[in-house]
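Here chain A shows up in two complexes: once beside chain B, once beside chain C.
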Partner chain A sequence: MYDFSEVEPLYAERPDWADVTPLQQYQGVDPLAPINYSTEYQDATDYFRGIVKTGEISLRVLQLTEHIIRMNPGHYSAWQYRYRILLALQLPLEEELRLMDQYAIDFLKTYQVWHHRRLLLGALRSVDAAAAELEFVARALDTDEKNYHTWSYRQWILAHFNDEARLWAGERAWVEHMVERDVRNNSAWHHRFFIVWGSGMRVGDEDRERTLKRELMYVKEKIALAPNNPSAWNYLRGILEHTHTPFSTQAIFVQLYTTSASTPGDVFDLDNPPPSASAVLPCENALEFLADIYEQEGGAQISKAIEIWRSLADEHDTMRRKYWEYRIKGASQT
Partner chain B sequence: MVELTRTFRPTPSDGLPTSTSVLQKQTEELVVKQLSHYQQVQPNPNAGPPSASLPTEPELSKPLLERKLHLQFLLRNMLQGFPQRYVSQDASQPWLMFWTLQGFSVLGVGLDDKTKKRARDTLLALQHPEGGFCGGPGQAAHLLATYASVCSLAIVGQPGIGGAWDEVDRKKMYDFFMSLKQTDGSFLVAHHAESWILFRYASLTNSGIYCLLAVATLLNIITPELLSGLPEFIVSCQTYEGGFGNASFPEWVFQKGEDSTISFDPSAPRPVLGEAHGGYTFCATASWVLLQPYVRAYYSSPIENDLSSNDDAQSPGLPLPSINYLLLLRWLVRMQGTEIELGGFKGRTNKLVDGCYSWWVGGCLALVEAFIGLGDTEKHAEVDYSGDTGTRAEEDAWHDIDDGLLNREALQEYILYAGQHPAGGLRDKPPKPADAYHTLYCLSGLSAAQHHVAPDESRKTKLIAGWKAEDAQQKAGVCTAQTSTDNQARAAALRRYTFTDALCWLEDEGADKYVGGSGNRVNATQPLFNLTVTHTELMMAHFYGQTLPPRVAQTPAKK
Partner chain C sequence: MNTEDPSQQLDIPLHVKYIKSLGESKDDLMYHLTAHLRMNAIYWGLTALCIMKHKEALAREEMVEFVMSCWDDEAGAFGAHPDHDAHLLSTLSAIQILTTQDALDRIDIPRVVKFILSLQQPSGVFAGDSFGEIDTRFSYCAVNALSLLGHLHELDVEKTVDYIRRCKNFDGGFGACVGAESHAAQAALAILDKLDEIDHETLAWWLAERQLPNGGLNGRPEKLEDVCYSFWVLSSLSILKKVSWIDPEKLTAFILSAQDPDNGGIADRPGDQPDVFHTHFGVAGK
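And then the complex of A and B:
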């Protein structure tokens, strides 16, 4: 990789760039709300604009795009131009990916870095490269556990290489490890939903009833560990809705979380793990869930639902008072 | 009024600290500490068992919107320019412009003609010769940059020579939009050189779609060809949580055959890429609302009978796509932080409150409420937000709720207490610095919490009565040849619905609420575009060739 940390003369002073006419950003316009650029950035982008005009495709322009991207990774036009050069000159895309490894760590938050990787992988069509990408993504998520672009990219890789059993083999175990690290990481829960439910059926996972049972066990265990965790409750609700399973199937479990004192029974019921000893109860998510069960059951149960919503509005979740009152009104009128 | 009975209950971590709960705790302490600048009794979030409510009734002094400081912040950026660290926004120059100009609008400050002229010149320098607008002069055209540029022009532009509106090349812009169109109905955000066909499925985002829809609506360049497939795409981005992700994966639904024809299999999975997120949820929801004219004109049959020539109307046979409103509402309200977070909004489950989500999520909630509130009259029968039963009863119930579901007072408090930087400008959360982006979206969120802007049926009736169909068609930036009578009728309906649906949103002036007193009032914004109603009206009246009936102020109700 080219080392830009060395003090380089400006492009304007370099004889090897003398044939390019730099293009100033604004001509004949006194721009409102301008950015005060550094001389280095201004110089590089003046030359980039000059290049865009002539359409030059060359290694020196490839280097210029890297220079600009290092100063501003959000410069999407430099990225686009770079990709165009890579394809036009048939440069090795794996090498570009390795260069990107450094970029991604430095510019973890920038969408363009991840988008560029996606384009490279799409063009490479290599399962080996995809496997390496999954490893890289895992490393990136080690330092930035909820990075949106990184997770989306991982989901794209898996979907795009859907038939590659080798890429999918360790996925559930890996995302379990991510949930293990932080049971409140919603990105990891979404990823689990994506791999188990969102992306269709996997080989060995055709028995959907068994899958649902497994997932219910898993999520209830995680709720037991830390009940005041909306990510886990949303997953529970999500898989029940996805499989059209009535919430009432979870009534026994949920009621363990709606009372203020946890009373561990003598027998440990695997289907209904009780809250941990340090859990703070009652749990607002559980109350909501129980009220939903009552509402779904309808009839005389509605009044029980209303009672819970009232307690949420007045005591347990006062910020959303109007929402709970809306639920009360909705149920009262049917 | 400020509520004096507060419970500052920390989010329980159930004796199992993880990085999420540790960050959450730190944030709660930082945010609630802001109140100490305004009160005598400081709440102690650490006291007592976590579930115990603290009986603090602090004497809070009125939080004031530091209007003057924020104007100075905006003025400094506009006239002296942005400091060097903003180089990261070099490809977002129209956004810097929009955040600044709309910031002035929300604060109720107009600009002088000379400054407006400079803004117009700057913006026109961003127009790409092949259509659309760029992140900066000489850069590539981009959907997001196009939205920011056109909305900025709504603020500073005008008809006629030098007014910039007529210098926007709408035909080329339309061509640019169409050139980005993918087989699944969504859009790449910008071109990728000549080989883009290689990755036709690579980068589909609903933020890009929102920007396109807002611009096409404002500029009268909507066609059915432009919108086909978009409702289905938006629907596919809703997650199991209720909010929307950035995009969905289209390759299984759209299969490329050997003869490179594309086949469509709606039963194949189309998973969401990325979890439910505030920014994408706003974009998807606003897109959904902006798409309703198209849904009405093309998914129902026969088209409504107020159109003259629908005798031969035929069903296009498209199954009506729908989003789950109840799930969306649940997710939206759950993004509002609790009392200890001062009622600010988060952008994702188990993430931290952040001032910009005051608009992306708070504004989205206000938008959904207002949109659903329309349900009782004609044309919105497709909005079956309540599931499969009793829409009528639920709609009536809705109207009994004066206020909607957004906790408007609390959101205003977060912005006023925690969102304002003492040196001017607004921010994510203390102790972060202010920036242009958070300044606008905190102010817009404040606006959404102060005002109630909603579709107004009597306004709609007037707009329809004054509608001049031929003028609108003549002024259209692009016309596609519609062969059958039915198609012509639908295209005409689409244009009229687009105009009247967008412009019937008015402020209900009896429904405003100002935490800290009416001195904190900011202007109302039209939630679909984040422009004032006046700017939206002026621009659309021009591009649709319409004369708008005068707006009469509604009688203010008791506060």
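And then the complex of A and C:
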């Protein structure tokens, strides 16, 4: 890797770049917002504009693009040109990936670093590379656990290569590890839904009833661990809706979370794990869920739903008072 | 005791001063590193000024000339900065700026329309440029731009909407592409196209849930509040006519507390550095 930490002469001073005509940023334009470039950046981008004009494809230009990207990862033209050179010179793309690993970690929030990797993976067309990439993505997520581009990219790798044995097989275990690290990581819960329900059927999940049972147990265990967690409750709702399972099937479980005090039962019921001792009860999400159950059941149960919404409006979630009053009004009209 | 708490007022003169100073930051190193955002930054600054009724604070002629200097004649659209490749984001900002400045006649409209339409992918989503990044936010940019240019009728609406439809998630929100996590910035665009297609209640509920105890709004569950979501979430709720589903007073207090009382500008949350992006969205939210 080119070491930029040493003091390098400007391109303008290098004899091996004397054949290139650098182009200034402003060609006959009076800038509204004049930029004070650092001399190094100005010099490098002047020469970049110069080679773009001549269309040069070479190793020295490849190095130039790396130099620019390092100073400004948002310079998408430099990324584009770099990719073009890699393909044109048929350079080993796996090596490029390894070179880019540190850049990705350093510039996690920059879309271009992820898009560049996606292009490389697409060109490589190799499941081996995809498997290695999943490992890399996992390391990146260690640093920035909710990075939107990174999670999206992971989904793309899985779907694009679509290899059950090498790629999908280990995914559920991996995402469980992410939820273990932070049970409130919404990206991780979203990813779990994607793996189990949103991207075709996984090997081993063919018995959908068994799959649902497993998922229900899993999410309820996590709710028991940390009840005030919207991601887990959204997941529970999501899987019930997706499988057309009535919310009322979870009534016993939910009610464990809607009262301030819980009397521990004698038998530990795996289908209805109770809240941990330190939980703050009643849990808003549980109240909302219970109200939805009553509303779904209809008839005489509606008044119970209204009672809960009233308590949310007046006491447990006053910030969204108008929303709860909207629910009351809607139910009263049916 | 100071009865007029400065953090409870929007300090307009100070914010105007802040925005005016942005064009003068010759010594600011970050300035050159954000060249790829320059067009957007000018739009945010100009629009914030308009909302605060101080449009004249930035010189019109200079601004229009700068926008035109970003024209990428090869592509037939605008880049973020002179010599930058054309991109949908900067093209939208350019159109918005020129519309605000009554200078739309400077644009070669048919060419720009062609550029925008060329970015639609077979799946229906829009790419940002020839580099290929796809995101339903680009669909929003395309629809917005075409609408401002008076050429929305040339868009394949069904195809555009169909893709967005497929971005709906199990929690009622919308993601940036099919399969992606729900994000508040996507909700605004989902609504833009076909209001009758959306499950209003569920989406509005998902948006209302973005309000945190401190009054601020976040973009996804369990993430930090951020002033810019005052716009994305609020504008969506506004379109759905459900702004009352959050507590607007607490939100207002939150935005105001994120003002920089010394130099002006608004930050993403109280205590952080202000920038023109959050100033624009904070002012719009207020």
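For this structure, a couple of remarks:
Please note the rule applied: the second predicted complex is superposed on the first by the 330 of 334 C-alpha atoms of A that agree within 3 Å, B and C clash if a C-alpha of one lies under 4 Å from a C-alpha of the other, contacts with A are read in each partner's own complex, and residues count from 1 in each chain.
In the analysis below, a contact is a pair of C-beta atoms (placed from the backbone, for glycine too) under 8 Å apart; a residue touches a chain by one contact, two chains touch by 3 or more.
Since the model is a prediction, treat every value here as computed from it, not as a measurement.
Overlay on chain A: chain B and chain C clash in the combined arrangement. More chain A residues lie in contact with B than with the other chain of the pair chain B and chain C. In the superposed pair of complexes, A:Ala123 makes contact with chain B only, with no contact to chain C. Residue contacts after overlaying the shared chain place A:Ala165 against neither chain B nor chain C.
When the shared chain is aligned, chain B comes close enough to touch A:Ala226, but chain C does not. In the superposition on chain A, contact is made by A:Ser276 with chain B only, not with chain C. Remark: of the candidate stretches 202-210, 256-264 or 454-462 in chain B, the one overlapping chain C after superposition on chain A is 202-210.
In the superposition on chain A, the residues of chain A touched by chain B in one structure and by chain C in the other are 23, 25-27, 29-38, 41, 49, 71-72, 74-77, 80, 115, 119, 146, 148, 151-152, 155, 159, 184-187, 190, 193-194, 197-199, 229-231, 234-235, 237-239, 241-242, 318-323, 326.
The touching residues of chain C, when paired with chain A in their complex, are 22-23, 25-29, 31-38, 42, 62-63, 65-66, 69, 82-85, 87, 129-133, 169-171, 176-177, 179-183, 204-205, 208-209, 211, 213, 220-223, 242, 244-247, 250.
Residues of chain B that touch chain A in their complex: 7, 11-16, 18-21, 50-51, 77-79, 81-84, 86-93, 96-97, 100, 115, 118-119, 121-122, 125, 134-140, 142, 190-195, 198-199, 202-203, 239-241, 245-247, 249, 251-252, 268-269, 271-277, 329-330, 333-334, 336-339, 343, 348-351, 386, 389-390, 393-394, 396-398, 400-401, 403-407, 410.
Interface residues of chain A, counted against chain C in their complex, comprise 23, 25-27, 29-38, 41, 49, 71-72, 74-77, 79-80, 111, 115, 119, 146, 148, 151-152, 155, 159, 184-187, 190-191, 193-194, 197-199, 229-231, 234-235, 237-239, 241-242, 318-323, 326. Per the touch definition, chain A reaches chain B in the complex via residues 23, 25-27, 29-38, 41, 45, 48-49, 52-53, 71-77, 80-81, 83-84, 87, 115, 118-119, 122-123, 145-146, 148, 151-152, 155-156, 159-160, 162, 181-187, 189-190, 193-194, 197-200, 225-231, 234-235, 237-239, 241-242, 275-280, 317-323, 325-326, 329-330, 333-334.
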